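Okay, structure first, notes after.
Chains here go by letter, A, B and C, matching the order in which they are written, and residues are numbered from 1 within each.
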Amino acid sequence: MSIIFKDVHRYFGSKKVLTGVNMSVQPGEKLFVIGTSGVGKSVTIKHIIGLLKPTSGEVSVDGVRVDKVSEKELFTIRRKVAMVFQASALFDSLSLLENVMLPIRKHLKLKDAEVRKKAMALLDEVGMLKHAGLYPSEIGDGMRKRVAIARALSLDPAYVLFDEPTTGLDPVSARRVDSLISQLATERNAGCIIVSHDLVSIFSTATKIAMVYKGIIYKEGPIEDFHSSTDPVIRQFLSGSSSGPMETPGF
Amino acid sequence: MYNLIAKIGEGALNLCHETGGLLHLLFMVIKSLFPPRFDPGEFLRNLYKMGVKSVPIIILTAFFTGGIMVIQASVFVKRFGATSLVGWGAGYAVFREVGPILLGLMFSGRVGSNNTAELGTMVVTEQIDGLKALGIDPMQYLIVPRVLSMIIMLFLLTIIGDVIAIVGAALFGILIADVSFAAFWTSFSQNVHVADVVHGLIKAGVFGFIVSLTSCYAGMTVRGGAVGVGRAVNNAVVTAALGIVISDYFLTYSLS
Amino acid sequence: MTGKLYEMTANLGGFVTGIFAAALSLFSIAMRTFRGVFRFRGRAQGEVLKQMYLIGNRSLIFVTVTLGALGMVLVFQVCLQINKITGDQSQVGPEFIKGMIHAFVPILTAMMLATRVGAGIAAETGSMVVTEQIDALRMTGVDPVDFILVPRFIASVVMTFVLGVYAMVIVIVAGAFMAHSSFGVNYNVFFVFDKVTGGDLFIGSLKLIVHGGAIPIVAGYCGLTTGRGSEGVGNATTRAVINSSLAVIIIDFIISGVGLLTVQKI
């Protein structure tokens, strides 16, 4: 039972974004994926739910080869693996409550009243119940993110992917998101993969870190390994220093 | 010289790419229809939204189109002193050609481009990926309901438009062109046949299909943020206009 | 009950003031454009030429295909109908040519350009709004209307006229081809221009010029009032297509009506 990347390459035309990614996540783990902007973190995790297919290599979820299955079979994977998008990706045309109700209604054979009840419980869990009738355009980024999390949890996923869940949030909201993630891992035994730049988040929450650099997982391991690392690239990233050996795309 | 050839080649490749994309979309839509697998709630919502939103614009367009047609007809007819032909001329032109084309273009501008903008925004804000991530097929949830609603709605709106255009023609015939209502009506009702109306409505159905397909395709293939959405809307209306006019040519031929 | 009534009145009030505000703002943009044209004195000649090239380049094939097809269709329908009644096709050419010049070509060309050019202008100015280029322009003390709309206005007036004349040639040739190939009408019977009066030429030209001016003003207004956020540019482009098309239809109706009562009066 795990998500596994085996030597994953992904090119966009002549641009080689991933050149041999290897990593894995077990249920209950909180893997933080770190790396500079534009290095390919979002690209990496989109492979897990088949939004992108690898140019070569293998991606599997609980033994199912995601890169091989048809679009139809992918939908069963996607019920098991939820994703919280970088900009939330709530549906503009639906109210917050309807956003959370949509996947429940589509996938669980429940009566309308039960769908509503379940959705409200989820919104309550992220503290958004009193805004349930509003539309995504009427609330701020932090609230949108919380609704997106509620929506992602609606089908009781075994794994949850977060793309920069705390970026753009105030510190208090950010810590709330951190504790939600921890709750998921401990109470529901969900495997979490979190793309993040937020060092506070990383060091308070992670059980494991994977650093993407130059198209590969430069280093993967528990927090202590990163704390004690003497590698200059890792030291530079964790200290946020502008001078050092690290190459940043776009600069 | 070399540049010119390269440019033509590039254009041709592009055209093939776009045509292929459209055909692929068409194939996917048809696949979702046999057996029908699409979201009924979305379908009803789109029927309502696309229909109701367009009624004012269709009425305005049809009313003035009727007016323009009766004026043009009377420029012609007055020189021959044959006012008895005005009702017929206006009705024939509106039902068979001018009505479906102008209403189709306006529908493309109102509903088609709105659809492209909406889908395009969903693409750039990752909402389409969001749907897929929730295990919901965008084809069944978004595209098929929209395609069906657009075909049905343009068809129904053209019926409304036909009626309004004739009212406009009769009214302006009386006001500007010195054609009495009785003369207009006699000429209209004796010479315009159900076949003319059917001819136009078949066209409306096909135009609705063209607008729906081109606008969905343009929306789903948006790239490059908000700026890309604007560009896509522009492409969508141009492709739809080309599609409408070219298919009109073939329809006119094959329906006659 | 009263609450609902109150809400409805408030909505209606909001709607009416909204329309007035929009009309006022559209009017202001139109006036600033006209003023800009008179102060123009060749300042941004390069820009005008560039815009003329862009409009022509974008629209030439589009206009050729659409108007060519429409020309053939219209002749086809007319001949079909005449065949049913008298069978005398000798008047088709002269009457068709006359009708095209004062009526069909101006409105159809303008409708096509409203989708092609109008949507383009709105997408472009809308993008400049969301990327804050318009704000940057204001910061340097340049009126965005002067900078963006005036060159496009001049280019559009000129090019709509040029493309309209070109479209007439296309439509008439395509029509003649159809009449000849499907109904056996001789070319020398079809190409007869003596039904065309000075009034027809005047009305046709006037329509082309006014349409050519209305499209960039309406589209520019839609683009400059683009809302923030990811759906802003798309909405602006949508509004531009529909509003400039509608403007064309209403303007065409007015000029046709006035023309019928004045220069085309028999």
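Note that in this section a contact is a pair of C-beta atoms (placed from the backbone, for glycine too) under 8 Å apart; a residue touches a chain by one contact, two chains touch by 3 or more.
In this text the structure is predicted, and so the values were computed from the model without any measurement.
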{"item": "Overall pattern in which the protein chains touch one another (line/ring/star/complete/other)", "value": "line"}
{"item": "Most centrally placed chain, judged by C-alpha centres", "value": "B"}
{"item": "Chain-chain pair with the highest tally of contacting C-beta pairs", "value": "B-C"}
{"item": "Chain A and chain C: spacing of chain centres that average the CA atoms, whole Å", "value": "49"}
{"item": "Chain B and chain C: spacing of chain centres that average the CA atoms, whole Å", "value": "18"}
{"item": "Geometric centre distance via CA averages, chain B-chain A, whole Å", "value": "42"}
{"item": "Touching two or more other chains - residues of chain C", "value": "229, 231"}
{"item": "Residues of chain B whose C-beta touches two or more other chains", "value": "118, 121, 125"}
{"item": "Per-residue multi-chain contacts in chain A, two or more chains", "value": "92"}
{"item": "Interface residues, chain B side, partner chain A - complex", "value": "118, 121-122, 125-127, 129-137"}
{"item": "Chain C to chain B touching residues, read off their complex", "value": "62, 65-66, 69-70, 72-74, 76-77, 80-81, 95, 98-99, 102-104, 107, 111-112, 115-116, 119-120, 122-124, 126-127, 130-131, 229-238, 241-242, 245-246, 249-250, 252-253, 256-257, 260-261, 264, 266"}
{"item": "Footprint of chain C on chain B - complex, ascending", "value": "57, 60-61, 64-65, 67-68, 71-72, 74-76, 78-79, 92-93, 96-97, 101-102, 105-106, 108-110, 113-114, 116-118, 120-121, 124-125, 172, 176-177, 225-227, 229-234, 237-238, 241-242, 245-246, 248-249, 252-253, 256"}
{"item": "Chain A residues within the chain B interface of the complex", "value": "46, 49-51, 71, 74-76, 78-79, 82-83, 85-87, 89-93, 102-103, 106-107, 151-152, 154-155"}
